[in-house]
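Two complexes, one shared chain (chain A), two partners (chain B, chain C).
For the complex of A and B:
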C-alpha cells in the first residue's frame, strides 16, 4: 500500500515538473517571438565591404551524392570570392554511385577543387570525413555545406566577413527549402524552417543568447577548431556539439539572417522520420556531454546558461512529454487525476499539446509574416500532427542516445535521402 | 437515434473546423512557392548603375524613333517606354521620361528654376550640374561636378570622379568609381568611392610624427567614446560595437568601423581605411561626420547619414 502511495506521489510530482518545463518553453518561445517583432534587431557584419579576404576552405561531405554534387560545385565555382583565396574540398565518403567521377571531372577543370576520396576500411560518417578534410585544408576559415545546398553567388563573402570580430568562433546562415511545392510535408517543413531561423535564431542573436551553428551554411575558424580537437567523432550532432564547445571556451556563434541558402527538404515521411531521429540522437548526446560543463563554465552569463540548458533539452522534452502522457494515463486509472482539476493548468497542457515544441503558432506564424507569405499561414493547425510525429521520432532518438551512453556504442551516420531529379 | 446523428455530425464538424482553412489551402495551393533567393546576388555597391547601363544598351537595340528626339524602347519586362535623346544641353523643367545624353563630351543645364524628373538620366560622358537638379536616378559615364542643389531619390553612378560643391541628398546609393569629393553638407544612405574626401579630407603624412598606436580590433561591451586630445591615434584593425561609437580628434582607423547604433566622427580630421583597399564605415541607425575626413571605400547606414 505504501508503495502505491509512493508511486502516486512520484507520478504527480513528475506531472508538476513537466508542467513547469512546458511553461518555461512556452515563455521562451513567446519571448523570442516578441523580441523578433517588437524589439530592435541586431545586424551581423554582412554589410561590410572589405578588400582583405581571408583564405577559405569549403568542405562538402558527400556519400552517394550524384543527384546533387554538380549543382553545389557549380554554385561554388560561381562564387564572387577571389579564387586564389579559396579551395573547395568535396569529401567523397565511400560513395558507390557516380560521385567520384563527377568530382574528378570538376577537379580536372578547376585547380581550386581538391576532392578527398575516403575509401576502403576508413570509417564512414560526416564528422570523421570533416576531420580528415580538416587535416589537408589550408584556409583560415572552414565553411561547411551539405551536398544538397545551393549557395548564392555572394555567400562565402557574407559568411566570412563576420570573422573580423575576434569573439566570433562560428557563423551560421539561414536555410530555405527549395522543394517546398513538392507536397504537404515539404510545405510544412518550409514553415518550420522559417520559424527556426527567421524568428528563433535571430531572436537568440538579438538577445545575446546562444544562436546555433547548424553544420551547414556555416563557417568556423580553423585554428580554433584544431585547437579544440576538431569535430567530435562520437557525436552525431557535430553542429550542436561545436556550438556548445565554442561558448564554453568563450567564443560566440554569429547568426547571419541575410546569408540565405537553398536546401532540399525530405520529401517522404520515412526520410523525415530518420532525419529527426538522427538529430534527436545527436542532440541528446550533446545534452549528456555538456549539461554540467555549461553550468560550470565561467565564460557564459546566466541568461546564456538558461538558454543553453533549454536548447540542450529541446530534443529531450518530447520524450519527457510522452512519458507524461503515460504518467497521466496511469494516474487516471489510479483515480488520482485531481492534480489537474485546476482548469488553467489543464488548459496549459492541452495548449502545449497543440502548439508543440516548435511553438508553431507564435514563431512560425510570425516568420511567415516576416517573409511576406500569407496563404500558407492557414496550414498552421496541421502542426498539431507534425508535433505528434516529431514527438514519436524524437523520443526514439532520445532512447537511442540513452542506449549509446549506457551500452557505450558508437552511432553510425545515417544520411538523409536525396530527391532531386526524382 | 436522429439526435445522436446530429451530435455526431456536429462533433465531426467542430473537430475539422480548425483544419478547414489548411485543407482548403492544401487543395488550392495558392501559396506554394519556395521563398525567393536571388542566386546571382552578391554585394556590389555599383549594382544599380551597372544594371541600368546594360538595360539601356539592350533597350536602344530594340527602339523605334518617334517625333521630337524621342525614342520608344522596349525593356526586358516587355514594357515600352519613351526616351528623350538630348545633345549637350537640356533646359530646366519637369520631365516625364528617361533622358539620354549619348554623344556630347560635356553636358550642362540651361534656363532658370530646376530640372525635375521621376525617371533616370543617362549621361555618356561628363556632366556638370549648374542648376538645381532633382531626379530619380543618374548615370554618368565619366566625371560629375555638382555646384547647385542636388537630390537623387534612388541612386547615382559615376564611372569617373565626382565633386560635390552644393547641398545634396545622395539618395539610397551613390557610387563613384574614382575619387569622390564632398565639400558641402549632404545626406546619404550609402556612398562608395575608391577614395571619399569629406570637406578638406585628411592626409596620411599627418600621422607620420609621434602617433599613438592601438593594435588589434577594438570591441568593448557598450558605448565607445574616444576623445583624442593633442595627439594622433592609429588603430591598425577594426572598431566594432553593438552600441554607439563616438570619436573626437585626429585618428586613422586602418580597418572597418561598425556600430549597431550610431557613429559620430568629429574633430581635427580622420582617415578610415588604406589606399588601394576597401573598408567600410557602417552604422545601423545614423552616421554623422563633422569635419575633414578621408574614407577608402564604403560609408553605409540603414538609417540616415549626414555630412556637416
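For the complex of A and C:
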C-alpha cells in the first residue's frame, strides 16, 4: 500500500511540474504574440547603402537533388549581388541521380559556381558536407541554403549587409512555403511557418532574446565559424547548435523578417513525420549539450537564459506532455484525478487549460493575420490533430536523442523527400 | 518596371489593391488602446460574474439536461464549498462479455491501424489514442471492475464544474484574443457580439454534450468514461472555440487587410 501511495504522490508531483513548465510556454506565447502585433518592431539594417560588400560563399548541401538543383542555381545566379564577390558551392553529397551532371553543366557556364563532389568512402551528411565546403570557401561570409529553397533577388544583400555590425555573428531570413495550395498539410505548414517566423522569431528579436539561426536562409561570419571549430558533426540540428554556440561566445543572431526565401514544404505526412523526428532528435541533442553551458555563460543576460532554456526544451516538452497524458490516465483509474482539492486551485487549472490550449491557436492565427492570410485562417482548428501528430513524432525524436546519448550512437542524416514536379 | 499608378483609373487601382497585399514585414496594428483595455476589462468582469454564479449556471445546465433526459436534478457540494446542481441518474457497469468484446475490438483496431496505410497519419494517431484508452479501460474492467472509483454523480460533478469553468473563462480568453484587433470602434462591437455568440454556443454545447455523456454512461456503461473524459472533454471545447475564433479572425482579416489606415509601418 505504501508503494501505491508513493506512486500516486509521484504521479501528482509530475503533473504539477508539467503544469508549471507548460505555463511558462503559455505566457511566452501570449507575450510574443502581443509584442509582435502591437509593440514597436526592431528592423534589421535594411536601409544601409554600402558599395563595399563583403565576399560571400553560398553553400548548398545536395543529396539526390535533381528535382530542385537547377531552380536554386538559377535563383542564385539572378541575385543582385556583385558576382565577383560571390561564389556558389553546391555540395554534391554522394548523389546517385543527375545532380552531378546538372552542377557540372552550370559550373561550365558560370565561373562563380564551384561544385564540390563528395564521393566514395567520405561520410555522408549535412554537417560533414558543410565542413568540407568551409575548407575551400573563400568568402568572408558563409550563406547556407537547402537545395529546395528559392531566394528572392535581393536576398543575399539583405542578409549580408547586417554584418556591418561587429556584434552580429549570424543573420537569419524568413522562410515561406511556395507549395502552400498543394494540400491540407502544406496549407497547415504554411500557417505554422507564419507563427514561427512572423511572431516567434520577430518577437525574440524585438525583445533582445535569442532569435534562432535556422541552418538555411542564414548567413554567418566565416572567421567566427572556423574559430568556433566549424559545424558539429555529431549533431543533427547544426543550426540550433550554432545559435547557442554564438550566444555563449557573446555574439548575437539578427533576424531579418524582410529577407524572404521560398521553400518546398513536405507534401506527405510520412515525409513530415520523418522531418519532425529528425528535428526533435537534433534539437534534443543540443539540449543535452548546452543546458548547463547556457546558464554558466556570462555573455547572456537573465532573460536570454530563460528564453534559451525554453528554446532548448521546445522539442522535449511534447515528450514530457505525452508522459503527462499517460500519467493522467493512470491517475484516472486510480481514482486520484483531484490533484488539488481546493476550489480556487482547481479553477486555476481550468484557466490554465483554457488559455494553454488556446495559446498556440492565438499565435498562429494572428501571425497569419499579419501575413494578410484571409480565408485560410479558418483551418486553425485542424491544429488539434497536428498537435497529436507533432507530439508523437517529436516524442520519437526525443527518444532517439536519449538513445544517442546513452548508447553513444552517431545519428545518420535522413534527407527530407522532395516533391517538386511530381 | 514601374507602374504609373497616377494615370490609372481609380477602379483599376482598387483592383490592384485586391491582388497586391501590403508588405508583411515591419507592420503592426494601429489599435485604439482605450477600447483595447475596455474590452479586456469587460471580459474579466464577465468571467467574474460567471464564477460568482456557478451555482445558478450549473442549475440552468442541469435543469435543461434533466428536461431532455426526463430525469430529476440534485444538489452536490464540490470541495466542500461550492454548491452545484447535477442530473440525478444511475450509470451502468459493463458485463464481462461486453468488456471482453471491447477489449478484442480495441486490440484489433490498434493492430489494424498499424498496417492500414490509407488513413492519414494525424487521424491514425488520434484513432490510436482513442483505441488505446478503450484498451486500457477494457483491461481495467476485466480485472478490477468493482474497484472502479467513480459513480455517475462524481462524473457529473466533475463535468459540471469543468463546463462552468470553461464557460466562465471564454469571455476573458476571447476578449484577450480579439482586443488587439480593435483598429476601429465598430470592431469593439463586433468583438462583443462574437464573444456573446460563443458563450451562447458553449452553453448549448455543454448541455447537449452532458446529455450525450449521461446517455452513454447509463446505456453503454462506465467503460466509456475514460474516453469521454480524455477525448471529448475540455479539448473538444478548444476545437470549437478556435473554430469560431479562426472564422471571425478571417472575416476581420478581410476587413482590415484592405484598409491602409488600420496599419502602422515601422520604416
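Some points to look at:
Assume the second predicted complex is superposed on the first by the 401 of 422 C-alpha atoms of A that agree within 3 Å, B and C clash if a C-alpha of one lies under 4 Å from a C-alpha of the other, contacts with A are read in each partner's own complex, and residues count from 1 in each chain.
Simple rule for what comes next: a residue touches a chain if its C-beta (ideal position, glycine included) is under 8 Å from a C-beta of that chain, and two chains touch if they have at least 3 such contacts.
Keep in mind that what you see is a predicted model, and the values were worked out from it rather than measured.
When the two complexes are overlaid on their common chain A, residue A:362 makes contact with chain C while staying clear of chain B.
With both complexes superposed, C is the one of chain B and chain C in contact with more chain A residues. Using the contact criterion defined above for the overlaid structures, shared-chain residue A:190 touches chain B, although it does not reach chain C. When the two complexes are overlaid on their common chain A, residue A:333 makes contact with chain C while staying clear of chain B. By the touch criterion defined above, A:270 lies against chain C but remains apart from chain B after alignment on the C-alpha atoms of chain A. In the overlay built on the shared chain, the residue A:224 is in contact with neither chain B nor chain C. In the superposition on chain A, A:396 contacts neither chain B nor chain C.
Within the superposed three-chain model, A:306 lies out of touch with both chain B and chain C [touch as defined at top].
Once the two complexes are overlaid on the shared chain, A:43 sits against chain B and chain C alike. In the superposition on chain A, A:24 makes contact with neither chain B nor chain C. Comparing the two interfaces of chain A, the one with chain B and the one with chain C have residues 43, 46-47, 260, 371, 373-376, 378-381 in common.
Contact residues on chain A toward chain B in their complex (touch as defined above): 42-43, 45-52, 75, 80, 150, 152-154, 157-158, 164-167, 176-181, 184, 187, 190, 194, 260-262, 371, 373-376, 378-382. For chain C in complex with chain A, the touching residues are 21-29, 31, 51, 78-79, 81-82, 120-123, 125-126, 129, 133, 136-137, 140, 149-150, 158, 161-162, 165-166, 168-170, 173, 176-177, 180, 226, 229-230, 234-235, 237-243, 245-247, 249-250, 252-254, 256-257, 266-267. Per the touch definition, chain A reaches chain C in the complex via residues 30, 34, 36-41, 43, 46-47, 174, 198, 257-258, 260, 269-270, 272-273, 325, 328-329, 332-335, 337, 341-343, 346-347, 350-351, 353-355, 357-358, 361-362, 365-366, 368-381, 383-386, 388-389, 392.
Partner chain A is touched in their complex by these residues of chain B: 18-19, 21-22, 24-26, 29-35, 37-43, 45, 192, 216-217, 219, 237-238, 240, 242, 255-256, 258, 260, 277-280, 282, 284, 297-298, 300, 302.
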